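Structures incoming, each one as structure tokens.
One chain, chain A, appears in both complexes that follow, with chain B as partner in the first and chain C in the second.
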Partner chain A sequence: MATVTIKDAVKTYPGNVQALHGISIEIEDGELIVMVGPSGCGKSTMLRMVAGLETVTSGDIHINGEWVNKKEPADRDIAMVFQNYALYPHMSVYQNMAYGLKNRKIPKDEIEQRVQDTAKILELEEFLKRKPKELSGGQRQRVAMGRAIVREPKVFLFDEPLSNLDAKLRVQMRLEIKRLQDRLGVTTIYVTHDQVEAMTLGHRLLLMNEGRVEQIGTPLEVYEKPQTLFVAGFIGSPSMNLIPVRLDPSGNQVILGESLPLPLNNFENIVNGDSSVTLGMRPEHLEACETENALMFLQVELLEKLGADTVVYGSLDQTDTALTVRLSGIHPVDTGDRLPVTITPEHLHIFDSDTGNRLN
Partner chain B sequence: MVENRPLLTLFTHLFLMVGIVIVVFPIYIALVASTHEVQDILTTVQGWFGSAMFENYSTILISGKESARGIPVWMMMLNSLIMALGIVIGKISISIISAYAIVYFRFPFRMFFFWLIFVTLMLPVEVRILPTYEVVANLGLLNSYAGLILPLIASATATFLFRQFFLTIPDELAEAARVDGAGPFRFFFDILLPLSRTNIAALFVILFIYGWNQYLWPLLVTTDESMTTIVVGMQQMLYVQDNIPEWHLTMATAILAMILPLTVVILMQRQFVKGLVETEK
Partner chain C sequence: MEKRSTFNNLWLPYLLLAPQIIITFIFFIWPASQALYQSFLLEDAFGLSSEFIWFENFEVLFSDPLYFDSINTTFIFSAATTFLSLSTALLFAVMADRVIRGEMAYKTILTWPYAVAPAVAGVLWLFMFSPSNGILALALKDWGYDWNHILQGGQALVLVVIAAAWKQIAYNFIFFLAGLQMIPKSLIEAAAIDGAGPAKRFWTIIFPLLSPTTFFLIVVNVVYAFFDTFGIIHAVTQGGPYKSTEILVYKVYNDGFIGLDLGGSAAQSVILMFIVISLTVIQFRYIERRVKY
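Let's look at the complex of A and B:
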């Protein structure tokens, strides 16, 4: 097993297009790190740099303490699962899994043993003689993982491995990957744009945007204390309500829009020059309440009744500030209603509107 | 297309049949003529098979036709076969390797070389035949298989075809092979070559016929009778001075000249069609 250390990794493409602006992270032995971000944020590039499929413009990558910047992918002792699986179409499942071992001059009987063992773990035994095109999407996905597992590498690299599967299979394979990683304990870097995958799989998340690290933390840290506006908006579904407000100099209320004061009072130690900040409230933290306890009123415009939850879309009373509220269970509310809502202060997030950094 | 229109079906079949008749008729006439004795076919076109088939074919196969300098046709066929196979194997191996270089390797002037190869498409053998002859003669390759084959090996068409095919192979496959520890040679032989199988088969058929049917170049380079190819030999049979044109023997040669390309097409038909049609890899 191995640790992976990435220090100030920069990638510049020809034509001076900078894809990565210095990424640093220390990945512990056996840890599953999920790199997550919108498409084009550079997460796949970072993964491919660890794999050795992209050159490193500057910065250092160490695998288990060894500097690997200049090493061929095959010499880094990593295994990669690609988004489109990249199975060799003319080889049987067995040959696909054995190919990497064969190239490493591992004796035939050991290859046989390892492929059979891996096939057992992944329940692929009956498909070993088939060609990839005779398999379903989920089975191909498992073969691609088998090809990685059978190598017993120091590091697994997953590049959006589930995005070609249908929703149901995706959930199933997600659990399977999680179980497998727990069992094998191999250090893993997993790239996805799907926040649910990221939250459920990762020991820690690395959130990226436009080639920069936005936040590194456990899924719950990222959820409870997003460090930047980007993270706040990216993690959580429906995404967090982000409302521009002014901080009242007294420090015990914020002013929304022209003159709608929200008496919120845990911002004593926030110092912000021009007092213009962004207030973040997760839809699931806003609760319906009695009129006299209400912090604000929501003009209901649209409802999504999901059974387990009711998602209410609307705007704040007397303003056109959009607000989303997620109420648990089925709630007797209707379009056009004026819904009183409240929120407990610990669930409030305050960000600097200019820099996007968290203030509280 | 799934359509159920009986009249249309009838019409298309009729149309096809007429086409077949037009194509097959000359071949039929040649086949029939090759089974008659010379006096039977000098004045009229025969409509049905004669009795001299075995005799005619054994004459030309074994002892050859006197007016064509008495070279047995089996030798011509062998020459043609060696030339055709040499061209096919040479063309395919060279073009697949150059396409591999152009698609998978980054080297200076890569696109320049690609365009250079591509531009030669505009220069068929006939245009560059004199300088080529000069080169081959200076190398002392006249009247040799090497002289017959080498100048025809370079092929922009095949290089281009393989390049286009390689471009459809997802990059991830090459990357997966790199992660799996396959170097450039391994990747080529273990992955690219097996995947190109149907393309190679299609090219094999097309190029075999191309090589077999070469006329101008063999005519120039081979003066020795033992090097005559069947297409050239057949042409020589037609010019007879002060003698009866032996149409029955010429026709038999023509039929024999068709047999090998036909066999290649029939044997490789399935692979051939797959190679031209298949898109999903």
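Let's look at the complex of A and C:
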């Protein structure tokens, strides 16, 4: 059981590639943190620095209060699950799991006991004698987890462990990982580029973009109050409508395009002069309504009828501003319709277009 | 559906195969059958008459203690050469695998010895170990070790082993390096996290995963030591002193062309032919199938 503290972690690769620009987070004992962001944003780099597989250019990493910047991976008491699983191909499943224990000079009968126990948890008992190549993708994935669990480390590190599995297995393994982490209560850092994985697994998310932290928060905080334009666009599916608008000085309306006013209020406290802002509205928060209550009209161009809901793509009336609306259930709307929609003010997000920061 | 392409023309396939068949026939089948035929003959030293004597050449050979000495020498020579060149090449490859900058230059330089002709390689080492003025021989003398491979059979064997191994290192190096670079880096990292130090990682992860390469190279190097080291031995020791470096191939030459025992020499060639055939079979049988991950 352990805490992990990362403070101002910077990584510069040879050739002056700056992968991380100062990442800080305090991870509590037993917490599952998901680092999520588009590929190339530096997630793996951060994880590998915690593991000790990459040097730390500057900043500090503490595991359970102990400064580990200069410690060998073996001495950090961490276990890592790699994207390609990194199972030792010439060893059986049993030997794969026992390897780390053997290297730590644990008595043979204890190794036997722990491997058997772990195999039971992961339902791998019947595969212990097999070589990795004789296993399916999902089974290999479980062996990789078994190899991590059996060591009983202070911290688990996962680097996109599910990205090599097919969609169905991915959902299944996601649940399994969540259940395991709950049960074992081991502090975990989980890296993924998949926002659904992040939202479902994480106690808290750390959203990363281009080597910087965009936001740290629980899945709901991140969903309800994205702190930056990047987070707003990244979390949620279909992604949030982000529309450049001007704030009316009165604070009672925003002006869309040349002169289309949207009578939205509650923006009195946003002092922004005439600088441009971006209005964010989630597709699922826009509702169809009667014509007289409409805030705006959507010229319907494309429909996705999914049964559980209906996704409507189109543009705002008289403009070419694209807008996506997600209506629940099956909705009687057709291509070419002029759909009146509205939104409740608490679901509006306002961002500074230049800095990307949230304003309301 | 028929997967192979088929020829309707009856002669085209033979025409296309002809160059290969002709080359195989002229340079392999024909001389091999000549050797086989010759091994059943007893010829006088002037080549004026010959007599068909069935297996007598072989009987004589297998009752000759000198022949068994030569077999013994060959085994020691090829085992030592293979071991020395493989282990040195592996060491270089492991070091080169860690080099990030200048990898190309490093590889190129290490590859050069392979382009050196065997006799030249032999002469190079001969110069360095020349008892009277060779740089390494003199260095050994300063250390209090008396180097004289012209008189000492053991030292002569060491010298030809070094020369033969040196030439083969480049070849082995390339294969080992390729093999090392095929091993996913994450495996090594996983082992490091699993608490294995560099030496342990090498012996428990890297070396086993290299075993297909190692096995292939052992066969190649044994074949090389058996059959391709004539030039080196001829340049350095001529099989001496007192036949201490006379490997089988060199004995074929010595008995046939110097001793003019053509039948006995041909019988030795036939035996060597069988050795090379069985090594080739081993190579194909096992390398194609076994030890692959």
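We adopt the following convention: the second predicted complex is superposed on the first by the 358 of 360 C-alpha atoms of A that agree within 3 Å, B and C clash if a C-alpha of one lies under 4 Å from a C-alpha of the other, contacts with A are read in each partner's own complex, and residues count from 1 in each chain.
Basically, a contact is a pair of C-beta atoms (placed from the backbone, for glycine too) under 8 Å apart; a residue touches a chain by one contact, two chains touch by 3 or more.
Not measured: the values here are computed from a predicted model.
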| item | value |
| --- | --- |
| Fit-or-clash call for chain B and chain C when the two complexes are aligned on chain A | clash |
| Contacts of A:I78 with chain B and chain C, given as first, second, both or neither | both |
| Partner chain(s) touched by A:A288 [first = chain B, second = chain C, both, neither] | neither |
| First, second, both or neither for A:A86, with chain B first and chain C second | both |
| Chain B versus chain C as contact partner of A:L205, first or second or both or neither | neither |
| Overlap of the chain B and chain C footprints on chain A, listed as residue numbers | 51-53, 72-74, 78-80, 82-84, 86, 88-90, 99-100, 103-104, 147 |
| Chain C residues touching chain A - in the complex, by the definition given at the top | 100, 184, 186-187, 189-197, 200, 204-205, 208-209, 293 |
| Touching residues (chain side chain A, partner chain C) in the complex | 14, 51-53, 72-74, 78-80, 82-84, 86, 88-90, 99-100, 103-104, 133, 147, 151 |
| Chain A residues within the chain B interface of the complex | 51-53, 72-74, 78-80, 82-84, 86-90, 99-100, 103-104, 147 |
| List of chain B residues in touch with chain A within their complex | 170, 172-173, 175-182, 186, 190-191, 194-195, 197, 281 |
